Amino acid sequence: MAQQTINTISANELLAYALRLKNTNHRMVAISCTTVENGIEMSYSFDGGNDFINLRFIAGPEDEIESISSIYPYSFLYENEIKELFGVNITGITPDYKDKLYKISVKTPFNMKEGDK
Amino acid sequence: MGKETVIPFGPQHPVLPEPIHLDLVLEDETVVEAIPSIGYIHRGLEKLVEKKDFQQYTYVAERICGICSFMHGMGYCMSVESIMGVQIPERAEFLRTIWAELSRLHSHMLWLGLLADALGFESLFMHSWRLREQILDIFEETTSGRVIFSVCDIGGVRKDIDSETLKKINSILDGFEQEVSEITKVFLNDSSVILRTQGLGVLSQQAAFDLGAVGPMARASGIDIDMRKSGYAAYGRLKMEPILETAGDCYARTSVRIKEVFQSLDLIRQCIALIPEGEIKVKVMGNPKGEYFTRLEQPRGEVLYYVKANGTKFLDRVRVRTPTFANIPALLETLKGCQLADVPVLILTIDPCISCTER
Amino acid sequence: MMLVIYIIAVIVLAPLVGGLLTGIDRVITARMQGRKGPSVLQPFYDVLKLFQKESIEVNTMHRFFVYISLIFVIFTTVIMLLGGDILLAFFALTLGSIFFVLGGYASNSPYSTVGSERELLQMMAFEPMILLTAIGLYYGDKSFFIKDIIAARVPSIVYLPGVFLGLIYILTFKLRKSPFDLSMSHHGHQEIVQGITTEYSGKDLAIIQITHWYETIIALTLVYLFFAFNSPVSHLIAILACIIAYLLEIVIDNAFARVKWQHALKSTWVITGVLASVNLIILSFFR
Amino acid sequence: MNTISILVLFPLLASIAVFLVRKDAVRNIIVRVCAFTTGILTLFVVCRYFKDGISLSFANRNTIDMIIAFVEVLIAAYIILIGIKNKKYIVSIFAAVQTTLILWFEFTQKHGIDVQSDIVFDRLSAVMVLIVGCIGSLILIYTVGYMKWYHVHHEEYKERKSFFFSEIFLFLFAMFGLVLSNNLLWMYFCWELTSLCSYLLIGYTKTPEAVNNSFRALAINLGGGLAFASAIVFIGMNFKTLELSVLTVLKPELMVLIPVFLLCIAALTKSAQMPFSSWLLGAMVAPTPSSALLHSATMVKAGVYLLIRLAPLLAGTSVGKVITLLGAVTFFVNSIIAISKSDAKKILAYSTISNLGLIVACAGIGSQESLWAAILLLIFHSISKSLLFLTAGSVEHQIGSRNVEDMDILMQVSRRLSGYMIVGIAGMFLAPFGMLISKWVAMKAFIDSNNILTVIILGYGSATTLFYWTKWMGKLVSNANRKDHIKHTFHIDEEIPIFIHAVLVVLSCFTFPLISEYVLVPYLSGLFGPGVSMPLGISDVNIMLIMLSMLLILPISFIPIYKSDRRRIVPVYMAGENTGDNESFYGALHAKRKVKLHNWYMESFFGVKKLAFWSNVLSIVIILVGVLLLIGGITK
Amino acid sequence: MSFFSMTKTLIKSIFHGPYTVKYPLEKKESFPASRGRIEINIQDCIFCGLCARRCPTGAINIEKAESRWSINRLRCIQCSYCSEVCPKKCLKMSNNYTAPSFENVEDEYCNARVPDNKENNRNIAGAC
Amino acid sequence: MNFSKKSPWILHYDGSSCNGCDIEVLACLTPLYDVERFGVINTGNPKHADILLITGSINEQNKSVVKQLYEQMANPKVVVAVGICAATGGIFSECYNVLGGVDRIIPVDVYVPGCAARPEAIIDGVVKALGILEERQKFARKKA
């Protein structure tokens, strides 16, 4: 079983970490998120062949998270999805689907209270 | 120029078994631009954890996708087991591996058929699917389901395969191998197939890496990613080498999958030879607490399950990152500049599973 | 009076035979694919069902073209089977095909239009060979009339082997078989849905099917011409040749993937060009 | 004065009159009247002399010769001046050389050469006169309507309407002279005059592109003129004659073939054959009526007319073979290139070059069948193509574009106009129509003369023809329902000539057996002796006519069916994402996206870039081979 | 590169004859373990409600008061979870699948102690 | 004679199924089950089809698609909902983006239960649908 490394970072370090991982030939595996009490817990998973690294931070409802699509272009789908479904304020995604990735019958993002947005 | 043709491709389209939509911008038949639109199958499965307890969710996880249904169940179970610290019996690991490899066989045969269909080679499609039925029969006999098995459970598996049946499987697979090698020759050698696949949708090794491709898509471009090497389930005890090609075109992707068919046959035989006697399930008590990332190799590539549990019956979060989701950027890249006739072929060579992707 | 009876017989019998051939084709194809397949009469059931169904349309214009197309294809069949001028028959056939293509344009729907373009491309690919076939046959007997061609002293195949091979090559287009079923295939799974026929339903679609049956007969008549000469036995041989050619086409249909238009055009022009030209040039030296 | 002279000179007078009148309304009336008169005169002349033909000689020939020489010098001076002014020295050089040559011949060598008949009117001239007179007058009437709109929409161009009309009349004069002259010197004069008219009309808009193209046209045509002039000098010095009719009955020996080859070169330039075809494509910048008249229906026909005249000398000779091959290659290459074009006028231009190539090939064969085909092609092509040009002009007027792709709304804008256009296109390539009949006979002629290579080229070329015409037709019948189209009125001055043209297209197909019997067979009998007959069997002709009638009757017979059988109308299939209006679908990001449907152009196969250079090289090689064959003949 | 490489398989298939099971006429032997539909031996049922609670889709309904056990066939996913948890093992998976129907099928099984109560025993003929 | 029974052409649309039923529908066409025996052709084009086979449930994004496909089919037509998702939404019925079974949007004539529906069950469903198709055909002709 591969090692489960979870590095807790702060949101504004994300790009620096991502760049470092990119330079050491890590590929991005997934971006996951979980609703926790004080915001959304974000996990960025990277794979470097032998090691499996997760970057973890909590995005508060007001926080602006910068997209890593400039470093890992294929992150756009993950980021768009998370932005649309969980309402994490990710900025600078290319291409930005502007919350129109899915057409959903209920109101999104889920953690919004009634009447928001 | 004003010579552009803009047409919708999908969601309903005879060559698409599953709904995905592309706005195709063509010049003559050359694709200038392909803008995808997904979400036709988006159901919101990840959110369903709030309504189903972690035991029931096993059945939901299996139905993320009907083609790799076993793998989805297995991945979910493995995550929960890891969180709960359950070590499942060795026989169960081997049984899981056998079924996983059978799933790969059935998925690859299905894919070969669909590829043939996209190429307009109907007889090849029919024969691929005819052979696939043999695998489904094995499934039905051992798991009692044809496509959805409900055989994987937290703590092991729910059904055993007796040695009699294992022998039978071996002999079925022998016949299967012979017939498959006959039709795979057509895929690899027939000039009309080669004409359509060779040099089409080339993804260089660098591009495949930059676009985050996984599974056969990446391996056909020479990237060595195969989660089975990490040795989960019984893979640690089996001999296998990831199958790599370097050309990165549709032909290479076909070739990788065909070789994987034979590799799977080999792995199943190894399993049958090595499988130990013993229990198939341990009893699991209590509720999980903690989080875990599990990564498996599905027929379509690497899949990631992230499970976070809080000690109650209901999980906090289940996240599935399916291989098709990771391969979509690569698909969009290969679509540029291809012909309209190639669009279905290219969509197929990533072996899309839209229902996995959109969950 | 006899002429009228002949004409009526041709008009009635040709689609019956054509439909039956299609049915046989479907059964053999199914068997080759390891399936049981439908009944031999299935094509007739399909067409009769289509006649009973509601016909819907996307605009009032597009059905018109299909009927005109059928009329001209019937016209061609009559000319050919009554021993008329082969070139004239081709011209009438082309006219029919063009109306069919226009029908695809008239519906102004994405897949129909792409289908029309492909159909046109196919016509561009195979028309020269059909012309050259007629010319080759003319070389033998100094007549474009089918009744003269089949009354010749030697069968045309003797001095036109290259032309015949070229014709077999393009027969695949005419019978809408893989690898050249770009514009409209028997098998529904295609990137352009059903091409020109996408927007047709009910009666109109039935008409298209019947048109295709006539076209099958026309295509096989061409094969027939190469083998028939003034000996009565030769007509049996010719019919046998038609059957073999048809079976060959079924095998080809099942043994090839569909090609792309570039390849269809290039290969057809090159192969028919070489085969027919060499044959005709050699022939012209012996005159 | 003879009616023929009146016919020839009347347009000249009209030209001067129109040039002088500056008031639009008055001039329009004058143009209409003069055009009408020209038409009537033409019909009258043809009716009167049709049966027996006539040859005229003029007592005051020397005076006329002097006038001609004087005007030629004026023209040459003008051309040299503009050449220098615009730094297009090649034009000046050509003009200077050929005029000097002709003047030298006129004043030093011409004595003692007697001309029996200056003007010969036979059935071939009758055909040409009919084409020039009738189509010319129709186009003039059309122009009245067209030019009204033209300057409204193109304010950037200076209005020079009277100049335009006057040029067209001048051109008609030159054209009548050209087809009627038997005197090579006169013919040469008219030949040069048509080149000049063409130059002036192409440059009408005075945009840099137009000026450039007009000079290219002038240069190439003057090059042809130079060849013509040299041929005249050669003929005059060696055979002591200046009569075309005398030349054509000579034995096709080497010494004859040299001037014939030169004349052929002149004809090839005028008919825009490869490698001289580029000027015709450039000529499309001219206002549409002039394209219709000069660059499709009449002036370019002068070249093939000359070739048909020379055909007896070409039959079976090396020059004939070279010309045939050149024509066939031109036919093939240009009909291929036409596939990659979407501008209606460009397509028409390529198609014109291509069809002229076919006529040239026929003339090069020179057998009675091939000439039958050539003349019939000439007639049908003139009518259909001029109809197409006129409708293209009107379509531009209606929908503001002459791109074929934009014509999918034409059915909604004007059903009649698209109907006329469909007739024109059908006339160009469809089965029972004239062009196809002639092509068929042409093919038969090629086979019978054992020109198998040409047959094969023809086979492949026809198939490409089918592609571009059908896709154009497809655009016309496609019922795009864009709602934002502009309603425009179809001017009566435009519609009448178009309507007459359309009727002529159909009528000429119905009457082609008559044309054959009363025009072609007698003319060809004159050349080949008795025994000439129509190359098509009666039964075939009957079937053709049945098909034609079917094409007319069937659409009408559908009206009751439509009335009785109304159906449910559903939206077009768009993979389930039609927004309901058949125009757009729900695309990515759930936004409406317009469907666009465009034809194929296959530039990678048939693009100009890919083909033009090598095909020009090929045709130059063919000409050089012709030259080598002649030289080889001399040295032998 | 080869042409007609499919021919061998094609011709072999012709001689082999169709692989087709002529389904409505003759049935393919189904495996004993095949999953078809849940059957209940209603006599043994104690209406404990465990199956209903564990069913992932909520297809099973139990009204203890009326001793009624019902299953909505159009909700059942044949996972066999209910038969696993059943304390009396009265639920079992038969290998006959449910036939298609024109409407929603709710199979109700009432307590065997009131066998004649036809009104409450919908579909009992098909079920038992 | 009534021929609609002899030549039913189907249109398969995947609503939002898990692919399980989809591949079983496709498996019906393949040698082992070969529904072409009944004249069934998978047309993939609503304008040609008689029977609409829908697998999977309806969600926000595909409901208009399903509706449109149904409208574009010529009468008489039958809808067969294959699998329990198409019938009721099945295990996904509680998902936020699942509106429910196909009958929420268009009238369904035959329900084929199963998760995933077996090919045999699908064949049975199609055969059942043929009966309805025949009825509709008769009715339509009476009306005409």
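So that you can tell them apart, the chains are marked A, B, C, D, E and F in the order they are listed, and the count of residues begins at 1 in each.
The criterion applied here is as follows: contacts are C-beta pairs under 8 Å (C-beta built on N, C-alpha and C of every residue); 3 or more make two chains touch, one makes a residue touch a chain.
Predicted, not measured: the structure shown is a model, and the values here were computed from it.
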{"item": "Path length in steps (a step moves to a chain that is touched) from chain D to chain E", "value": "2"}
{"item": "Of all other chains, the one whose Cα centre sits farthest from chain A", "value": "D"}
{"item": "Label of the chain whose CA centroid is most distant from the centroid of chain F", "value": "D"}
{"item": "Maximum inter-chain contact count - chain pair", "value": "C-D"}
{"item": "Distance between chain centroids, defined by C-alpha means - chain C, chain F (Å)", "value": "34"}
{"item": "Gap in Å, rounded to a whole number, between the CA centres of chain F and chain A", "value": "40"}
{"item": "Interchain centroid distance [CA atoms averaged], chain C/chain E, Å", "value": "51"}
{"item": "Separation of chain B from chain E, taking each centre as the mean of its C-alpha atoms, in whole Å", "value": "28"}
{"item": "Contacts with two or more other chains, residues of chain B listed in rising order", "value": "5, 7-8, 11-15, 29, 39, 42, 44, 47, 52, 59-60, 63, 121, 123-124, 126-127, 130, 145, 148, 190, 192"}
{"item": "Where chain A touches two or more other chains, by residue", "value": "102-104, 110"}
{"item": "Touching two or more other chains - residue numbers and ranges from chain D", "value": "570-571, 573-574, 576-577, 589-590, 595, 597, 599-600"}
{"item": "Chains grouped in pairs wherever the two touch, ordered by label", "value": "A-B, A-D, A-F, B-C, B-D, B-E, B-F, C-D, C-E, C-F, D-F, E-F"}
{"item": "Touch list for chain F against partner chain A, complex", "value": "59-61, 96-97, 99"}
{"item": "Chain C - residues contacting chain F, complex", "value": "26, 30, 33-39, 42, 45-46, 48-49, 52-56, 188-189, 193-194, 197-202, 205"}
{"item": "Chain D-touching residues of chain C, taken from the complex the two chains share", "value": "54-62, 64-65, 67-68, 71-72, 75, 79, 84-85, 87-88, 91-92, 94-95, 98, 101-102, 104-111, 113, 116-117, 120-121, 123-125, 127-129, 131-132, 135, 138-139, 193, 198-199, 262, 265, 269, 273, 276-277, 280-281, 283-284, 287"}
{"item": "Complex interface listing, chain B residues touching chain A", "value": "38-39, 42, 44, 47, 82, 209-212, 225, 230-232, 292-293, 295, 302, 304, 306, 308, 316-317, 319, 321, 325-326, 328-330, 358"}
{"item": "Complex contacts: residues of chain B adjacent to chain F", "value": "11-15, 17-19, 39-45, 47-48, 51-52, 59-60, 63-67, 69, 110, 113, 125-127, 129-130, 133, 136, 145-148, 353, 355"}
